[in-house]
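Presented sequentially are two complexes of chain A, the first with chain B as partner and the second with chain C.
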Partner chain A sequence: MLGIIASIVDGVLIGSVYGLAAMGLTLIWGVMNVVNLTHGAAIVAGMFALYLLTSALDLPPYAVLPLILLGGFLVGVGLYWIAVHRMIGQPPLMFLLSTFSVNLVVIGLATAVWGTGLFNVPVSLPGVTWQRYTFPGTHLLAAALTAVIAGLLYLFLYHTRLGKAVRAVADNREAAELSGIPTTRVLSLAFGLGVALAAAAGMLIATMFPFTVLAGDAYQLKSFVVTALGGLGNPAGALVGGVALGLVEGFAAQFMPVSWTLVIEFVLFVLVLIIFPRGVFAFTRS
Partner chain B sequence: MKSEKTGAIDRDRASPMLYRPFFWIIALAVAAFAVVPLIGDNVQLRESLLLAAVYITLASNLNIMLGYAGYINFGSIVFFGLGGYISVYLVSAHAWPLAAAELAAGVAVSLLALVFGLGILRLRGAFFALATIGINQGVQAFVSNFEPWGGSAGLYLSTQIFEPLGGAMRSLWVIYFLLVAVMGLSLYLSYAIKTSKFGLGLIAIGQNEDAAVVLGVPAPLYKALAYSLSAFLPALAGGLYFFKSAFIQPSDAFDLSLSTEAMVIVMLGGRGTVTGAAVGAYLYEELRGWLLTSETFSNFQLVVSGVLLLIIVLFVPGGLMGWIYGRWPRMKQVLE
Partner chain C sequence: MSALRLLAAAAMFFAAPAFAEEDTLTIGMTLSQTGPLNVDSVAQQRGAELWRDQVNEAGGLKVGDKRYKLRYVTYDDQSQGGRVQQLYTRLIVQDKAQFLFSPYSSGLCATAAVITEQYGRLMLITGGAEPKTYTLGNKYLVQVITSADHYLSGAIGALQSKSAHAKVAFVYSDDPFSKAVTVAAREQAKESGFSIVLDESYAPATTDFSPIINKIVTASADALLGGGHYTDGATLARQIYDQKANLKYVALLVAPDSPEFASLGEAAFGIAVPSQWEIQATYKPEFGPTGAEFVKAFQDKFKIAPDYHAASGYQGGIILQHAIEQAGSIDADKVVAALNAMDVTTFFGHYKIATDAGHHGLQTAHEMVLAQWQKKNGQLEREVVWPKSAQTADILYPLH
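Right after this comes the complex of A and B.
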């Protein structure tokens, strides 16, 4: 019984990081009404940024996080102008294809450079011991940092003028444009933020688990499940959805081999989309 | 443009299949595939055309969803892989003859697609696309854990399996001809759907699903049927393909890059055109062969596919056929 509780607690810690990744996806969905298929590539980019910066420049692992947030934001804004801007107003099919092709290019290049082997970033942090169980320090710190980033995002969205503009564009792009909000710039900003959040989540995942170039697909699917649970376009719901997914994973790990996780997650994804198309934890957006 | 299109369909419906030029263009292409490698027993050409036939089959069937109904299917390779698994399993474990195993695989995969389709096709646009990615990953994870199908190690066929087809050498030719037949059927299926009322309904769904429903198109049924129909021939192709290699494992059978290539092909040739899917597949196969032999690019095949797709989506969304139609509008009446 204690084992189950311990693994559920750990699941919640990991799940909050899934929530962080999904926040990036859901922010872009909320503002542009499109699904960003470069999400998995952004997560992998965060993982490899951590690997490169710690191994080449010898930086301490967590000092890299601000750099990754900033870099992710800049890359995201660049991507917006390359692949996304021309797709605004086109059918969603074309948007999916264009972000998918960027994903292919990034993953293809990374595969050519690093291959598909397993990478690991050693992070030594003391864990917290409770009864017979030890919660790794990396999991605890990842969850804490997720809370900090989510808090900052909340402050940005609800207590700054620019954040208000982002919410206005999400509500109604044409009305926002008529009120004098430079919507194109806001869209590129939101896309940059979404990519930055995904990259940060990738970095935090890389401190906890080993990873490969191809890990993006699995984490992208997790983000989709989380956003489906939390309601698309709803950052707060994404965090709750992430914790819920972590709970499910932690619980399921007790009863079946890990390789089944993806099947369970996918079934959950389709069921949730069909039964609760607006999300299980969809709070009304203010 | 719209009235022109319905006009073409009416005219086509008025004339029986055998009098339509496009029917004979397809027949000619299939005949060329069958005859050309026979000249001088050209095995190398046969292998490259075999791959082209697989690409044409996958792209034509993907086109039914992507091109006509406007629904993106990232996991179309699931049909190919499952078809391969079912027929290899029936041949190896239950000693079924190839033809029976093939047919069983095709029917089983189509039925499964119908069941999946009725479920996930209630999702629209981006949600459907996400679900198709999930289907591929879910099925792959399931097969990797499914012991009767060898789990992640896969299934092998012994070489004796080729005896009924006249030995290893001759059976390769037999499988090639069968694959070319599957390719021809795929092209005819695409063409027949496009000129039918069913196809008109799908195209209407692709242009505006709400408007189509209002006009009386039974959208959920049509989409599920299209999804199921587009599963049958890829399943046959998968069965033949993996029978030929006498080996199947999850990472080959559900290789998402093949799905991706099929999408690049459809966009390259021109979404929603029968000719485009075929010509695009042939061109892509040539490009791919060139890339694999080139020293600089052999590691960058995915990157090249990605850049190609991005350029098409951003600058030439109509693809090759879109460009041809724009330049020579009369070609619309000959090449579908």
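Right after this comes the complex of A and C.
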């Protein structure tokens, strides 16, 4: 029983980071109806940014988080103008092709530079031991930082003029434009925010687990599952969905081989799409 | 007349490469330049490259009165079986490879073997340990490394010397090699009097091992045996350390044998690995370099120390070279006959294969050692801890 509780707690801690990654994906969808297939590459970029900044500049791991958020935002805004803006008004398939192409280019270049070997960022942080089970400090701090970032995003979206503009564009782009909101700039801002969140999630994942250039695909898939759980376009739902996914992973693994986890995830994905097409946690959307 | 001379000279000029082509031996292989098998596959390839370069620098491979320069044709298999099948067909049909070296990992080797047997091309298996492939009636496969069913024998022997009734957890990758290793090791563990408290496989792409480690803690295991390849094995080792699983003994397949494993820092300390070969090995070779000479040549060329994958890649080369020289021919059947008859020792250890139809090509003589990451002058280094006759340091037990 204690093992089950420990795994659930651990699942929730890690799931919250999955939720952070999915918040980036769902924010972009909510504002501009674009499935961003550079999401996995953005997660990997966060991982490598941590690796490079800590090894080259000898910075403490968590001190680079603001830099990664800022860098992710700027890269995201740049990506918007390069790969997304020209597709506005085009069929959805064009967005998929465009962002998928960028993803291939980024991962291809990264593979050429770093190969596909494993990278590890050693993070020395004391954990919390309960009975015989230890919750690593990296998992606890990743969950705490996720909560902080999610809180800041909430404050931005609900208590700033710019955030309100983002929500207005998400609700009705034409009406927002008629009200004088510079919607194109808001779209690029939202894309930048989405990439920044994905990069931050990648950085936090890299403090917990070793990673490769190709690691983004697995987390991108998880983000899709989480987004389906939380409801497309709903950042708060994505966070709750991530926690729920982590909880399911931790709980299920105690009763069946861990290799079944992926099967469980995708069965859940399909069931949610059939039973709750707007997302299980769609009620959290205001 | 002068025009005719010019024409003749031009004809000779263009014919020259054709003569050179005849004196070149083409060897084909795929390597995993990308994908999860990248680290070990590249190491294996480096060993093969060193052999090729040494042979070419010495004037080529001697076959009777002729000397052949070696030429490699390689492709990136992306660690995927589907790619291997396409690429080995291409190597044989399009690139006209006369001999083949295997890709890395049991799964990819088994896939490539389907093609190489179909075309009757000899393939030396330098990176696939699963024994099942050799029970399928293949005639042109030759394994130079110990097969999977003996991989964890040393780890179990070493554990028994420290704790006769240890509680063992088997946690292993859900791939053909790791499963074959575990099937045999499970029986050996039972015969040794250990109780198996956990038996769990995981998908090779697993990154979060927290639920498995909690299961290990719940089962109160003393020892963990298992792992798979580099990416998953190193990830598992890091999380065992982070989650303080309180294991007294950990032996993982493949991953800890790579020099890169030291990048895990403290998480690498104490982890043991069954190894096909270690730098400290002192076999007396009947041909080819000594262990020290191989290590020096490898370090001079690649600026890193070789691991057993690099050594097995090189071993594939010198075994093929010896067989061709013995056969005095590059005819595949004659070379296979020479390989069947060989019973030799090289820097890598003993080589002899089964020749009966039910197991042809299976390595029967090569022995493994158990290495463990320990600290020497504050630096992480691999020491040979088992068998006792080959020990360079006592085994660290218990770890906690």
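In this section, the second predicted complex is superposed on the first by the 278 of 286 C-alpha atoms of A that agree within 3 Å, B and C clash if a C-alpha of one lies under 4 Å from a C-alpha of the other, contacts with A are read in each partner's own complex, and residues count from 1 in each chain.
As a convention for this text, a residue touches a chain if its C-beta (ideal position, glycine included) is under 8 Å from a C-beta of that chain, and two chains touch if they have at least 3 such contacts.
Nothing here was measured: the structure is a model prediction, and the numbers come from that model.
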item	value
Fit-or-clash call for chain B and chain C when the two complexes are aligned on chain A	clash
Touching partner for A:111 - first (chain B), second (chain C), both, neither	both
Which of chain B and chain C A:81 touches, first, second, both or neither	neither
Partner chain in contact with A:262 - chain B first, chain C second, else both or neither	both
Partner chain(s) touched by A:210 [first = chain B, second = chain C, both, neither]	second
First, second, both or neither for A:130, with chain B first and chain C second	neither
Touching partner for A:158 - first (chain B), second (chain C), both, neither	neither
Partner chain in contact with A:2 - chain B first, chain C second, else both or neither	second
Which of chain B and chain C A:11 touches, first, second, both or neither	second
Stretch of chain B, among 189-197, 243-251, 261-269 or 315-323, that runs into chain C once the two complexes are superposed	243-251
Set of chain A residues, in rising order, touched by both chain B and chain C	111, 218, 257, 259, 262
Chain C residues touching chain A - in the complex, by the definition given at the top	33-36, 38-39, 42, 174, 200-203, 205-212, 214-215, 217-218, 230-231, 234-235, 238-239, 242-244, 246, 260, 263-267
In the complex with chain C, residue positions of chain A that touch it	2-3, 6-7, 10-11, 14, 111, 115-118, 120, 122, 127, 129, 132-136, 138-139, 208-212, 214-215, 218, 249-250, 253-254, 257-259, 261-262
Contact set on chain B toward chain A in their complex	66, 70, 72, 74, 119-120, 122-123, 125-127, 129-131, 133-135, 137-138, 141-142, 144-145, 256, 260, 263, 267, 299-310, 313-314, 317
Chain A residues touching chain B - in the complex, by the definition given at the top	34-35, 83, 86-87, 91-94, 96-98, 100-105, 107-109, 111-112, 217-218, 221, 224, 257, 259-260, 262-263, 266-267, 269-270, 273-274
